[in-house]
Amino acid sequence: MHRHSILPTGLGRSLAFVTLVIIIGAAFTAVEPRFLSTQNIAAVTRHMAANGLAALGLTFVVIVRKFDLSFAGTACFAAMTIGFLIAGGYDLWLCILIGVLAAVVVGTFNGIAISYFGLPDIVTTIATGSIAGGLAFLYSRGRTIFQNFVTSGILDLNDARILGYSVSFFFLIALYAVAWVFMHRTRYGASFYATGENPVSAYFSGVPTKFYTMLAFIICAATSALAVVLILAESGTADTNEGANLLMPAYAGVFLGAALLGGTSVLATLAGTFLITMLLDGFSLLGVPYYYSDGVVSLILLAGVVLFDARVRQLFADLVSFVRPSTQVRENRT
Amino acid sequence: MTVPAISARAVSKRFGPISALSDVDFVLETGEVHALLGVNGAGKSTFIKILSGVYAKDEGTIEIAGEGFDCRNPKDAIRYGIATVQQHPELVADFTGYENIFLGREAATASFTARMDRTALQRRGDALLSRFPVEIDLSRTIQDMSAVEREIVAILQAIAGENIRILILDEPTSTLTEVEKAVLFRLMKTLRTSGISILYITHRLEEVMEIADRFSVFRGGRMIATMTPDEVREKNLSLAELMLGETMGAVFPKKGEPADLGELVLNVRGLRHGRLFSNIGFQLQRGEILGIFGLVGSGIDELSKVLYGALSKDMGEIELKGEKVSLRSPRDSLKAGIFLVPGDRRIEGLALAQSAIFNTTLANLGRASGFAGFLKRSVNKLKSVEYAGRVALNPPNVTMPVSGFSGGNQQKIVIAKGLFADADVYIFVEPTVGVDIGARAKLYGLMRELSRTAGVIVMSTDCDEVHGISDRSFALYKGRQIASPGTIFTRNQLLMAGIMGDAHHA
Amino acid sequence: MTDITTIHPVTDRGQSRMINRFIGRYWLVATLVVMIAVFAFLKPQLLDNSNIATILRSSALMAIMILGLTWVIAAGKIDVSFMQVAALSNMMTAWLLASGSGWPLAALGGICVGALAGLLNGTLIALLRIPPLIVTIATGGICASIAAALGKGTSIRIADPGPLGEMLFTNWGPVPVIAVVAALLYLISWYAQEKLTFGHYIFATAQNEEAVNEAGIPARSLILFLFVFSAVLSAIAGVLLAASLSSGQPMIGSSYFIDGLTAVLLGGMMLRIGKPNVLGTTTAILLLSVLVSGSAMFGWADYQRQIIKGVLLLVGVAVAMRAGRRISSHSQGA
């Protein structure tokens, strides 16, 4: 069934998004002029990095039409692994590498269980997330790790600046750029989309669908580990629930972006994450207490999903066509 | 003279600027089986949807058994005694037949707090079933049932409501075999005798002659004729021409000449898969179309999947261009040069939300991309446009999502995908299911064109299709290969081979 | 998605299938019995009256909280907001008490906010048809924020646990009154699930919502009801927890989250394989409570139990998948 929608698609949606950002930005600036200060913009971009990384990995999982609820637990595990190794005096990059590998192990387990053994995604990832979250306690029996953090150089990841902006932000943008090229300009991206859209037809077209599904879970675990590295760099200690707060913003970023831009994609996730970070930052500038942040993110997510939902838009379209009947073309094919 | 079951006068329906139905007069007599014919978009579905309460008519009057018909939703339609069985009826897969028939009618009044009396359901189901000459075990779950059993459950579910007098069947036979069709027709005849009038849509013209008392032809939103099969026979009319409104050329292209035959591309020996088929062997050369006819469950579906690597073989050998190949997945087969145009294109053939370019290139991403896997976007677009032209895609828009194309054109996109895959062997399974008669000739022509440079296998449950398109053919009967007693099958021999497993008694 | 493709004859049915069925149906009960036997053998104090009462009391609270969740998941949806709903009603009750209202009003207030959350879930999912996971992640976030805001980020003390507190700590022999209440509730629910069309329609909805709609059953109302029911029961559990702990805890739910989902999903692996049901949930809750109690006697830490629960959930899913598997994998492109 073809539906004639009055809301724009493609370029129109992107323009609508930019307009939305400008309006919100203007509103915040009007109430609190500091919103546009260099300092604040630098803060927005830095805060965006960790959530944006986690959301990027989740995007791959959502594109293959699965859910991953384990990456927060996985991130905690990776955080404690890295913290433990830093405390042990190992080279920082080695610590990060092993931390990411630890997450990749969990992601691979998810991927194999779900794609090759056909276990249900939500249940499996709840279980592995729980296990990974438990494993995070093994290194220090749950105690915070902080030894060697100052000397290891990890704090530089948070503090280093290029042109006044945090290095982590440039890292985020670079990674998104790579992901975009990968998803939209290479055969591998096409395979991801084909797997998500219709796994049977993709399989019949010679796409190794199970491999790509597994790969999505691995990527998701890896980026959540990278995200937690930035969180470690910011806090300067490793705690057992260091990654727990990644879940909510990542889902919000992916689905709000998908709602705004009309489909799950790398760019949509970036847009969603950006909008959420901007709103959160604005509210915190206005002095809204920290514990409202989850609620704010949730409300934005719900509002975005509901307002940009195809059926709600159809409702608008119907209302318009009620006034101008000729605009409505609802052809029905047999 | 009894009052007609349905009497419609000057019914019209518009969707925006498009007129879907104009000025339709229609009469359904009580206790008749009345077929509705027409190509896709001719208006028959719109008409059915008005009767079943999905759409409201814009103009005209409809009377049901002499009573004015004012129907706003499907529930209203049921109140008027009209029940509809969709083309793909919605059933609960792991509920039994009984539970499905009475879903929502377990108790006298529909409520969430009524008692679930499973023995009563069984009793009522058996009582209902005893009125009809069909044998079916309703205590099995839907997922364990065959296609015809599901159709029967759906029909029983439709007529289990009180005082159903009119039954609408939307392409009930599209997934049924010849034998199963006979069961369904028996059920329809009994329903007719018990005073239920039946209105049914079909694409299979020979059925109309077999089961319908009368039929009506829709074309371009108008009803252009109502007549009986006898009249058709007397006047020697062609139903296809009536539907298309023009003299139809031959549906099937010319057969191949021996001179066209080229290299031996596929050589299959002693192929076996579990109990589904065994000892299948045949050869295929470039320049020919090999037809394989078999009923649903005969093993043709599985045979196609084994040849394509989607199912593993237990025994036997497959040689491609003289080399033995081991096909463990469609990926292997595509690399080796086999392409499958699957039977269920919506599930197995296409990514519906993606563009024609995306779908065209998907089966050969190696060709579609260059260094480091980067897609050659402009080349791919050019190629897609070229192939869209070759298969006469309509509309020739390669960036539109494929869900926007008609069934026949979606099938053309799958063929374009095959062209891009550049295979040596093309296997078509049920190539024209859901494709209207107008688009079929084009598809058959494309198959013949493909056979000029490659070997083509056509597998179908439609005997006429297999016989009409192929140069050589064999039948599959319960997993057994039935070869022709002579050099090639006659149409009747092929039919008997597929249905009875024996071509000699034709 | 019910495909109308051919179903292939399954070989080796018969005996091994019977055994599979039996294992699939009763393995959870067997595990429970074995676990009790092993723990009781090693630590006889597990079966002390007071310990049994503790186990039953915590089980009863959990059981009340996730009864509705059981049916939500049985209907093929998911609700991950239940623990935040409990936290919200818990805090709302404590807040109302702290602002001077009596227990009846406070309890009612707690249940009402829960019902509102359920109504929000149900409306968005049943009427606007937005994916349940997204909706309940978001409503969960909103509830958590409001809960935290009520206590300005910390807990609220309750001076007098009131009649509910008294009831909670009244035992009949080793059986707490609340356990009897929960058992009665489950008995009624079992009746509704097995003997009324209500339960029949829940399982039908999970399989094929479209078929349920076409049969004239208001599936949307059913789904709406299930979400409201789930939230109300979580809210009741939240109120009871307020009385039990003599305080409102904004983070109260987090420990229940994984346990609740584990119990429902594990329970769904018995009796009706792959379908959550109230008897399965009961068994699984008891199993988890015995595990918690027994492992505490061995001095196992929280995180060790968390790992064990995760493993249990994974194994449960894997076992049930094996037992209930149909040989139709190739049609899925296996």
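The chains carry the letters A, B and C, assigned in the order they are written, with residues numbered from 1 in each.
In this section, a residue touches a chain if its C-beta (ideal position, glycine included) is under 8 Å from a C-beta of that chain, and two chains touch if they have at least 3 such contacts.
This structure is a prediction, so every number in the text was calculated from the model and none was measured.
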item	value
Partner chains that chain A and chain C have in common	B
Chain located farthest away, centre of chain C as origin (C-alpha)	B
Chain A and chain C, separation of their C-alpha mean positions in angstrom	29
Chain B and chain C: spacing of chain centres that average the CA atoms, whole Å	45
Multi-partner residues of chain C (each touching 2 or more other chains)	333
Chain B, residues touching no fewer than two other chains	310, 347
Per-residue multi-chain contacts in chain A, two or more chains	200, 202-204
Chain A contact footprint on chain B (complex, rising order)	15-18, 20, 40-41, 44-46, 49, 308, 310, 329-331, 333-335, 340, 342, 347-354, 358, 361-366, 368-369, 372-375, 377, 404, 406, 417
Interfacial residue positions of chain A with respect to chain C in the complex	67, 69, 113, 117-120, 122-124, 126-131, 133-138, 141-142, 199-200, 202-204, 209, 240, 247-248, 251-252, 255, 289-299, 301-302, 305-306, 309, 311-312
Contact set on chain C toward chain B in their complex	2-9, 11, 192, 194-201, 203-204, 207-208, 210-212, 214-217, 222, 326, 330, 333
Contact footprint of chain A on chain C as seen in their complex	78, 80, 124, 128-130, 133-135, 137-142, 144-146, 148-149, 152-153, 250, 258, 261-262, 265, 301-307, 309-311, 313-314, 317-318, 321, 329, 331-334
Chain B-touching residues of chain A, taken from the complex the two chains share	2, 185-188, 190-191, 193-194, 197-198, 200-208, 325-334
